[in-house]
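Take a look at the structures listed below.
Paired with subunit B in one complex and with subunit C in the other, subunit A is shared by the two complexes that follow.
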Partner chain A sequence: MIAPPEISPSVLAPIGFTAIGAMVILVQDALLTRGSSLLGRRVTPAYAGTLNAFTAMLFLSLALYVTVVAFASGDSLVFQLANPVYQQDRFGSFATALLVVVGILTCALSVSYLSELGINHGAYYALVLASITGAIFLVGAIDLLGVYVGLELMTIPIYVLAGFDRARLRSNEAAIKYFVIGSFATAILLYGMALIYGATGTTSFGAIRDAFDPTSPVAMLGVGLILIGFAFKIASVPFHQWAPDVYEGAPAPITAYMSVAVKAAAFTALLRFVATAIGPETEQLSDVFAAFAVLSMIVGNLMAVIQENVKRMLAYSSIGHAGALLIGLVTGSPGGYAAIAFYLVVYAFMNLGAFGVVIALARRGQECERVDDFAGLARTRPGLAAAMTLFMLSLAGIPGTAGFMAKFNLIVVAIRADMIWLPITLVVTSVISLFYYLRIPVLMTMREPSEPPSRTGIASGEALALCLCAAVVLFLGFFPNHGMLPWLGLELPVLDWASDSVTDLFGS
Partner chain B sequence: MLTEYTGVLVILAISLVLIAVLLGIHLRVGPRREFPSKQDPFECGERPVTSPRRRIAVKFYVVAILFVVFDVEAIYFYPWGTVFRELGWFGYASILVFTLPLVVGLFYEWMKGGLDW
Partner chain C sequence: MNFPTLLFYTFALLVVAGAVGTIANIRNTVAAAMSLVLTMVSLAGIYVLLGAHMIAVFQIMVYGGAIVVLFLFAVMLHGDEHEELPPGRMRLVKAASVLVAICVMAGLVRALVGFPELPAAPVGFGRARQVGIALYSDYVLLVEMVSQVLLAAIVGALVLAKRKID
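Up next, the complex of A and B:
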């Protein structure tokens, strides 16, 4: 008799909810025969899509609840089969909560967009949930194989989702490009893992830490290849070329999800890998990260200036933000890691918000993605224009918005670590970024609309998601750490949560 | 330890000899009448050399994916089956967890008409 391993169910609760949710949605969508009637309404693709979205949000909310409970308890639980593969600690729970919230917002933003574009197929929400399942597994993985499984489970559904608008050539192009380059990156990552396994004889983070020798060429080559794999996933220069094409071609909610959730999950996994498997103090790594950071900030922000397509512009801006995030990794200190965690939260909301406006402007069968489409929007759609202005200001890092607080934290941490050039690059590139971010508000207010808006209303899901994003961006802009919800008396010290969570990586 | 594999070696030798003998007899005794279509790699009416860039019904793709999925599933089932008793209920639950998503996927595909030709 082989003794079964001890598995406490609460470790896998968030993953379980999202995975089961994905399956429930598949069954539900298969049972919702189009044309029959349910609850007194004929089942149209749009109706079925809405029901699927509600199921998805229900399961994501359950996952969010268990994650918040786990975070509040502060326990560190390990899921162990033959080796420990997955750990639920505060760092993982922090990232998981962010991912799940991003998932809920993505679903809310997708409902009417899918109907507008006529791509309301059932597998959509199931794939989103499957991808989130992988992302959650990735952020908690404490074994190279866990990282691999999580990464693949996260990206394979996105290959499909990027090509979800299958009648449009651009979408197909995005899916194929992402698939080819993503597989390529995964292969490099896997090669790096193999080399590390060869050098240290283990795949477990803790054991790698003990056996790791920074002077061994094989081990360092392995680490380098793993970093390249991660750099592909977070779209950092010089491994960024896929991002603009894929972001442009994929359906806007998927672009939003990719730019936020994939980046957040890959970054968190990278932080955990560097902190617990290699040691953040390894000097060679800091140089590599510094080069990545500077290149990403400069290339991303300069290339964004000449873009005429909003999704492409946001893609380059996300490359620039990846560069800014890498500054925290260069410092290798708990403060830097906490600044990254906070930046990821802020970035998630402001970027989802910006894409949310693009999504809300999509009209029957086509997206509103050219910069010129925003002309005169302040007159025709004042609410959306105001929201877009707020998100643009926040992405640029203007005080009073969350984007400023995020960048400010990073700069403070980097200066404390005696790195003066990285913050200077960040500030200079932020100034450059103002040009393309502010171009949209300028167009919205100072130019006449080129054509009357063909869609005037806004779906309730989009409205709620945009309001939430705007509220968080403003709230964190003024109260990054001492926030109180006025009527509930609930304290929201987001920065403290971020710094508490990274102590799990550096403790013990 | 290598002696355990003597049987394999014997089988290998016998089969090599057998092949040589059969082919040899064929070469010596068999009649030969050659004509062009008999010289094709596959003489079954299929043109052996064509352009690969032709359209193939996407349904084959669905069938191929299904085949791969259930083939891989079978690979996992075999080792599980050999230690079924030792693993007990835990092993049974694990394999259910493994199978459930596949069944859900099959159900979805079936209901969506992926198996209707």
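Up next, the complex of A and C:
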């Protein structure tokens, strides 16, 4: 059985660093915009924005450090024994580390993009940090109240960030759409929580597990409503309609963050809820998840084929990936959950990379988002074209990239669980996805550029983030489990980390 | 009949009167919303009689205040000109609402008849003291997180509403 958690104030370290970081940035931004010079340099908005981004990345790095230490120690810690709402264990730490890295990459990708639009404000980074604080709280929540508060803290800043480019109508539209639909989803989730509380008399996951009765209609209705709420957040069919519009309208770095971090955090919380509160072996749930998975894979990948806008295409592709991820939930086994955790890591880097290229290609006030904008890119911007090709191959799941390992892992787990149709659907839809993923590399190499590129340089933050994403995608593609960093002698068994982390949910 | 019982029937009467006023004022939306306020505030009075002071305060602040204000905002933004539905359609809508009301009523009656005897609420349940102690001992972490939510919401509102961000 799982050892009982111990009390320690250090549980709060990751949340503390990100929350305090958000406040520090707000104060620092106010001081910077008032002062005229710092360290002998005149404070321009771009300079202030860069400093704010550095502060954000500093605090995120501190949070990453304490999370890695917590993961290595392997303890389960809570803040208090009576009604613990937040627990720091290996499962939470694994997801937290991923979220924090995504946050660092998002900040690195944002600086020059925001400067070009003239909206490089401190509030942006403060809101990103606030959102990550909520996401970290969500992945460690072991109580429905914690899930709710974490979810709200994660999404409220994103409502604002989606509309951060206030001069553009599309961005405003994305914000209001995400706000209305997101609030609706949260309300449904909350209603489900109220019903579960009514049926079991508790909000704590462990106590729900003891009192849960799968034959009670109130309890099952509650679980159903909670699942619908989560399905909205991970953009699974049939609760996906908001995703393409919001992904298209929001500023590209926020789209990248949303598609990766929100999905990872919501999936992690869903896994924890299903495994520790209602029991992964519940039959009816597997059927529901299987239906969601098949629908998401088919609808997402088919709709992506007809998109002319890269951000919309990636939105539908992310719906398809959500369907693939759900396969792991259908198995209800530790192996399936570990496959999801690994897939989330891989998906984060390849999707951030793909959006990173879109961001790096954006010109002042004009996004490079039509598929045709990629024509002839191999000649004009060979580095970016190579990176984009790698990320597209990985998203499609071509061997040699991390995306292949993630899908392969999932298929193996599904077949071990005696499932036939879900892996077949995954393979068939992956073949369909080849069409729209490979369209971009083909356009980049085969077609002449329609117009000369107006921007040829690449900001250092973008370059670093893209290099890191590409390196991870290649590294995990060849060494998913036994990778060694040769010059450091550091072993990176990512698959083992994923399977270790889920043992916290199942007990060993 | 002692004083609290008298108060209870007064509030109960006001609750029903407010509810009737809400559906009777079909032409005047503002009057309907104000009748809803009467219902909500009278319900809060009943909570006070039950000793649940904190819940009564929430009832007034959230239902009597925030939600009705939201209604009024929606009415004001929507303006006066509301499209008249064709009479046949209107009758259908009315019939459907009556049907839904009857179903809800039947469901409530069925749930209340033969409802198991509930254990008595703990002493002081729903009072400010008990709610405060619970919030700042068992749920202190959640209170802190909610303060973060409020901070993010304030910053977000400023970002979206300010004419020029400096």
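Convention: the second predicted complex is superposed on the first by the 496 of 508 C-alpha atoms of A that agree within 3 Å, B and C clash if a C-alpha of one lies under 4 Å from a C-alpha of the other, contacts with A are read in each partner's own complex, and residues count from 1 in each chain.
One rule holds for everything that comes next: contacts are C-beta pairs under 8 Å (C-beta built on N, C-alpha and C of every residue); 3 or more make two chains touch, one makes a residue touch a chain.
Remember, it's a predicted structure, so these values are computed and weren't measured experimentally.
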Quick one: classify A:F137 as touching subunit B (first), subunit C (second), both or neither.
second
Touch check for A:M23: first (subunit B), second (subunit C), both, or neither?
both
For the three-chain arrangement built by superposition, which of subunit B and subunit C touches the greater number of subunit A residues?
C
Looking at A:L127 after the superposition, I want to know if it touches subunit B, subunit C, both of them or none. Which is it: first, second, both, neither?
second
Return first, second, both or neither, reflecting whether A:V85 touches subunit B, subunit C, both chains, or no partner chain.
second
Partner chain(s) touched by A:L31 [first = subunit B, second = subunit C, both, neither]:
first
First (subunit B), second (subunit C), both or neither: which does A:Y159 touch?
second
Can you pull the subunit A residues that subunit B and subunit C both touch?
19, 23, 26, 123
Residue positions on subunit C within touch of subunit A in the complex are 137-142, 145-146, 148-149, 151-153, 155-160, 165-166
Subunit C partner contacts - residues on subunit A that touch it in the complex:
12, 19, 22-23, 26, 33, 79-80, 82-83, 85-86, 119, 121, 123, 126-127, 130-131, 133-134, 137, 145-146, 149-150, 152-153, 156-157, 159-160, 163-164, 166, 175
Subunit A contact footprint on subunit B (complex, rising order)
83, 86-91, 100-101, 104-105, 107-108, 110-112
As the complex stands, subunit A meets subunit B at residues 1-2, 4, 19, 23, 26-27, 29-31, 122-123
